[in-house]
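Labels A, B, C and D are assigned to the chains in the order they are written; within every chain, residues are numbered from 1.
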Amino acid sequence: MSRWTNIIEDLLSRVSDIGNTILANSDADSIKLSLSEKCQALLSNVGEATGLARSREILDDYKRLDKTEQLAFFQQIYANFGVDEDLLRQTVNEWLKHPDKIESRKIHTISEPLSQELIRRLNLSYGGTAALVKMREDLLEHIKTDLSLAALDKDFQHLFTSWFNNGFLRLERISWSTPATILEKIIAYEAVHEIQGWDELRLRVAAHDRRLYAFFHPSLSDEPLIFVEVALTGDMPNNISSILSGDRQTLDPHLASTAVFYSISNCQTGLRGISFGNFLIKQVVEELKRELPDLNRFVTMSPVPGLRRWIDSKPALATNLQSLVDKLTPLTKKPDDTFIEKNQQGLYQLAAHYLLEAKHHKGEPYDPVSKFHLGNGARLEQINLWADESKRGFTGSWGIMVNYEYDLSSIEINHEHFVREGIISTSPSVKRLYKNS
Amino acid sequence: MSRWTNIIEDLLSRVSDIGNTILANSDADSIKLSLSEKCQALLSNVGEATGLARSREILDDYKRLDKTEQLAFFQQIYANFGVDEDLLRQTVNEWLKHPDKIESRKIHTISEPLSQELIRRLNLSYGGTAALVKMREDLLEHIKTDLSLAALDKDFQHLFTSWFNNGFLRLERISWSTPATILEKIIAYEAVHEIQGWDELRLRVAAHDRRLYAFFHPSLSDEPLIFVEVALTGDMPNNISSILSGDRQTLDPHLASTAVFYSISNCQTGLRGISFGNFLIKQVVEELKRELPDLNRFVTMSPVPGLRRWIDSKPALATNLQSLVDKLTPLTKKPDDTFIEKNQQGLYQLAAHYLLEAKHHKGEPYDPVSKFHLGNGARLEQINLWADESKRGFTGSWGIMVNYEYDLSSIEINHEHFVREGIISTSPSVKRLYKNS
Amino acid sequence: MSRWTNIIEDLLSRVSDIGNTILANSDADSIKLSLSEKCQALLSNVGEATGLARSREILDDYKRLDKTEQLAFFQQIYANFGVDEDLLRQTVNEWLKHPDKIESRKIHTISEPLSQELIRRLNLSYGGTAALVKMREDLLEHIKTDLSLAALDKDFQHLFTSWFNNGFLRLERISWSTPATILEKIIAYEAVHEIQGWDELRLRVAAHDRRLYAFFHPSLSDEPLIFVEVALTGDMPNNISSILSGDRQTLDPHLASTAVFYSISNCQTGLRGISFGNFLIKQVVEELKRELPDLNRFVTMSPVPGLRRWIDSKPALATNLQSLVDKLTPLTKKPDDTFIEKNQQGLYQLAAHYLLEAKHHKGEPYDPVSKFHLGNGARLEQINLWADESKRGFTGSWGIMVNYEYDLSSIEINHEHFVREGIISTSPSVKRLYKNS
Amino acid sequence: MSRWTNIIEDLLSRVSDIGNTILANSDADSIKLSLSEKCQALLSNVGEATGLARSREILDDYKRLDKTEQLAFFQQIYANFGVDEDLLRQTVNEWLKHPDKIESRKIHTISEPLSQELIRRLNLSYGGTAALVKMREDLLEHIKTDLSLAALDKDFQHLFTSWFNNGFLRLERISWSTPATILEKIIAYEAVHEIQGWDELRLRVAAHDRRLYAFFHPSLSDEPLIFVEVALTGDMPNNISSILSGDRQTLDPHLASTAVFYSISNCQTGLRGISFGNFLIKQVVEELKRELPDLNRFVTMSPVPGLRRWIDSKPALATNLQSLVDKLTPLTKKPDDTFIEKNQQGLYQLAAHYLLEAKHHKGEPYDPVSKFHLGNGARLEQINLWADESKRGFTGSWGIMVNYEYDLSSIEINHEHFVREGIISTSPSVKRLYKNS
């Protein structure tokens, strides 16, 4: 090949570059067009040599899209970066005919949608992971409009499950020595018991008898993925305000017998469905036992967010429970002592009935918090009345809260029984309440 | 369900535990059995609650296997953790009939072999990634014995490509301030120009005009994945000894115009086929330009390891080249000046001919080093005779070495031309040698 | 010496230990006694072998003293740990007689009060430096009651000057990534323009055009010694509110031409008189020039805290100035435009007159801020009216503020002239105001 | 003062600057002159404003001096930066007359030689401390030539004692993860049992049953001040080769009962006389006890470097010992078993006699190692024959080594007895040997 051909080739290539630039600078519609084209170009790079710059460019372009453009972008990716169906048809036909000659594993390889490889390549550049988590956050929104995009989300979910594998996560204690950049995110992300500013945060991370642990991923270094707040106490608590109170007596952690997990918050909407919670609790238990060998109980102080929702969804309850519910419904705050005395037992039974009976059609517990802890192998230990007098607590469950216990010696068995047979590990006292309900 | 049932269930479960323990402690064959069973158990954990401990246990057990047991283990995994073929058959049949109702993406999901999920779960525990990289190193050995295991290796390769994505890697400069644990690995892993002990290492990392950069992965924190050694020089060098020499004059790096990549070594056998090299060079170029803005050339000093192997594999060459080869073959060291003067031009032409003509049947360059740099978009810049007088250099290519140039303005175009059309970017001088050959 | 003697000696020694313990546990007076005794014991340790534990113990005991006990403690130290006067008398007499035989340096060694060695030994244990800084803070209080203790303070001052030598200090940028433990101290220590909580702090450390630098000492790792706040601006500002305002436009720091030092705060009362300020400003200027080479002006935005105090202390001013002062005195806030227009020129002249004429009897500037910056070699650059409308600003100087300029090319000469001859480097515009006053 | 005066002053000042520059660039003699002048200038800076640059300059100039110039420099400093004797004479005369009016402390302040302030100011700039330590190393050399400089050295010693106070030191474990820059210094500084290269170093820092701890100072961050090497063993050893051997069995540190300090090396000649050793051992003991609570003995494996030197210095010994010495003197290596059997007891007694009897005229032990450990409160525990067969060991003490024991319960009492009364804490077995000698 002569040198001139080379030069002419070069010129042509440069012209195409200029073309791309022109496209990139034209109106919104063509940006989208060009973004999809850039994705095509990124995928066609056999040697990945230029992938770094291109993936950066695509992610930067994406950031500038408005909501309408985003939707169009996802739809294009879904439509254009699917499976090579001709090749797949040919392969499965061969396989059906000659299952001995063709490995079924080959079908897996061939049926991988291009979108998966696209996402992997978008992750090439520094900061790619964070951008992709944000991108999935947007995608989850757009699925509400266009259900077909749920199939595209599977790709994200598949890769994120692999990338955010527990082996890659780093448990860190958040303390008053943590940089403010991260502390302000804790304030923002706390989803269970709101943190009202820095002074309240200080109570939760700087007090000697409080702990806060978070999971981090090396590629999202300033972003906690999930965190749990822990109180070190002398006994298993029966209400939340004794834990959150600002003017309580601080306990020497070496005198504590019990660690109370009183709040767990997921931080990244874009990682919805990628579960870290069970690993977090288990690693925190290990960490705490290492630091404070005298701790012997690990319990939660958990809300019962589904109770009233479940009652509202039911046409009717058993007579005795229904009449109690009728009395409870008008309440907006903790009633007087007479009311309590008269209805206390009923309320305990109602809660026990709900926690042990209310199920989704697949047999899973109706209550999401209950499902989470039982699935981790915890035991339903104690029901607490008037334990959360906040508006949210009252609206969700008339202030009822529950302690789940993580008993290390039975956690594995509980988990197996729960997952395989739906058996809920329950303390004798709650069992009794349930039987009488 | 009564409390007694619970207790009896517990007892039964504990008995099974004891059973497992007994199995685990019996002879080699049953360890393998039990390992495979443990893998089964790890996969059957719906909630992943106990996965952490179990994955740790499996990886620990694996470490104790001897070579024969390893082979049996891999064969069992391959045989037992494949695709659910019944479900796959049913799904593809449906899809073939109703391609509009069933998404082809669904076939991908269904055809995933269990072994992939197994590997993902083995990665749950701390240290899992390192153990899996080691495991694949073993697997690559066993494939030589049992070719069918190559299909299992695809799973490792697939996941490692995702996990060792460039976005997760961290470029670090290795210097004399680097911990000795890592420095001794550099000595051990250097694969191109051996490092003979600490004093020689010092020359390569502590001299002002030398650099060494490595890629690290957050889950393999003390293990470099790949590294490149760089010399900062005034000119493009034409032999390797001027770079490696211990008693050369050190150059003030701010006066250097040229960065010479004179050695690239992959460190982890278990990551074979997962490519980092092109990203490494590109990030090092960026890093060097940031630190030393006056650098204006980025070239390699590369061996030509395939030259003599290629000649040996050819029945015959063109007459003039063949007669030269006949004269070269008996040589064991650099010949005298008369010989050189007479044959110099021919030798240049032989090298140019090889570099531009010698291909594998797929059209790729025969020379692996050439293929790597050309694939990255580098230009074949200069051929150097008697440039490496070491035994290895002489045995591979009569001491011929090549400079490839990474010219940032043309790297992308070179890459495109090379990948799409097999065009090799070549300097005018090398082109001339080739034409005359 | 027989073994028995040994044993008896041991017993005696243990008895004395018990004695000490008894003393230590008796009433307040004896604690003081015992503290002083412990100091004696610490000093008498020739080999320093047990000094570590003893110094820790003394510092712990000290912490428990109340104010009265502290005063007694300092008085005892002053009285009992002075100079060995007999030895000194003997030595100086010899020296006076034979100045050739005795080195005058020897007198220095002999006249060192024991209190200096005591302080050095109290610094042996980890945390000693912090405890001694706190101790001096107390001592400074007690000097107000008992002036003789000023001589004891000289020992602290002498050693602190040595220990807090600039060569041991570490300049650090405080940013939003700084641990909260340190950030909350910045809020607490800011002495010039109060920081009202975390949101205001964020404006001063996290905005792209704001900087905060502090000096740290390795033995007081979580305690800033002094810090300076910097605004990066397009021009030299003429009022403080434009700098502190929360809703201002943020400037790209690379477009800034001017760095404004708008607040300097000393943090440790116990380090009073140990000067860091001039080094801080100089190192920050170096740091800023390295990061942002386009910065070309370094000025302050400084209060004039002594103006009104000085006027109040004077029996009378020149007629024209006095009549202006009479009009200004009743003002409690910025007057109306008519007033300003009429008196503006006079006010400028009053300020210029004060800054160039008002001196302490030793010839130093009356204004402490002025003295500080002029002593550092800065130039009196610009006088700004109504520049600080806060209560403090109005009370101190009717809102007048001053820009001092750190002009690197003349800083050294300015300093020499100022220190040797009292010459104040002044901009032409301020000179003109002064001449007309 | 008119503006012109200002300008003329400026001009004059600049002329003097030019003058300085001219001086600085002239011949060697004038460099020294100018250096001393620069020191004068540094001291005359009342406000210290320009001290930073000036101190840097002086230290840089100093580095370029040759040995002759250095001597001249120190002599000038000694001569020119002494005490203000006129002022001192006046003050002491007043004090002698009116001791009630003048504080003796004032004499201390007035008699401080300028050289002390000079050294403090030389420490202003970054890197100043390291340069001053190096400077004192030179000074110690020059004292051998000019004894009067010992008085100047007192200033260095005084300030270094203050700066290198234990409270400022940082204990660090040196391991195989330590940067190579520091590790190579350990190799270089080891003064007791030489480390022959990196492989031997690895044995001492990377083996599970070996430890190496060093003291660092924040201003000399890459330079260890002193380090100690520790072996964790099952028993108190009786020879050094079992500790240094490369092919010994490694012990699980949790099974060790004894920590053996087998080598202590001072690293900085410029810090001679500033003692860290006793603090180092004590902090290492604390550190080891925290990590390995089962350790219950802390002993040394120490040479007896003064034994033969002492014998040589004596005109005669007691007859029995003398005849033994006569037999030992011709030996160049460990003699045969017959010799050993016959003389063993005598050799033990000779060693015991030396360790308990050989004193300097001030009553201190003759053996420097013995003096160090006894001064720290250790007990003379065991004498070991043929314990060090190296040339150095044989030349110094016919291979005899000693275990000193750091018994935490008696360390303080031992120290007191030793320092106050010269009593050497001795084990019964050594006592018996001594009595029989």
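The rule is short, and it goes like this: a residue touches a chain if its C-beta (ideal position, glycine included) is under 8 Å from a C-beta of that chain, and two chains touch if they have at least 3 such contacts.
Bear in mind the structure is a predicted one, so any value in this text is a computation, not a measurement.
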| remark: Listing by label each chain that touches subunit C and subunit D gives none
| Contact-graph separation of subunit B and subunit C, given in steps at minimum | 2
| said: With centres defined by CA atoms only, which chain is the most remote from subunit D? | reply: A
| query | Taking each chain's centre as the mean of its CA atoms, how far is subunit A from subunit B in angstrom? | reply | 35
| For subunit B and subunit D, what's the span in angstrom between their mean Cα positions? | 51
| task | Indicate the whole-number Å distance between the mean C-alpha point of subunit A and the mean C-alpha point of subunit D. | result | 59
| note | Multi-chain contacts in subunit D, i.e. residues touching at least two other chains, fall at none
| said: What's the contact topology between the chains, one of line, ring, star, complete, other? | reply: ring
| field | All chain pairs that touch each other | value | A-B, A-C, B-D, C-D
| For subunit D, which residues count as touching subunit C in their complex? | 1, 3, 6, 9-10, 13-14, 45-50, 52-53, 82-83, 85, 88-89, 92-93, 95-96, 99, 103-105, 107-109, 111-113, 120, 123-129, 151, 154, 159, 161-163, 165-168, 218-219, 275, 278-279, 282, 375-377, 411-413, 415-419, 423, 431
| field | Residues of subunit D defined as touching subunit B within the complex | value | 176-181, 183, 197-198, 202
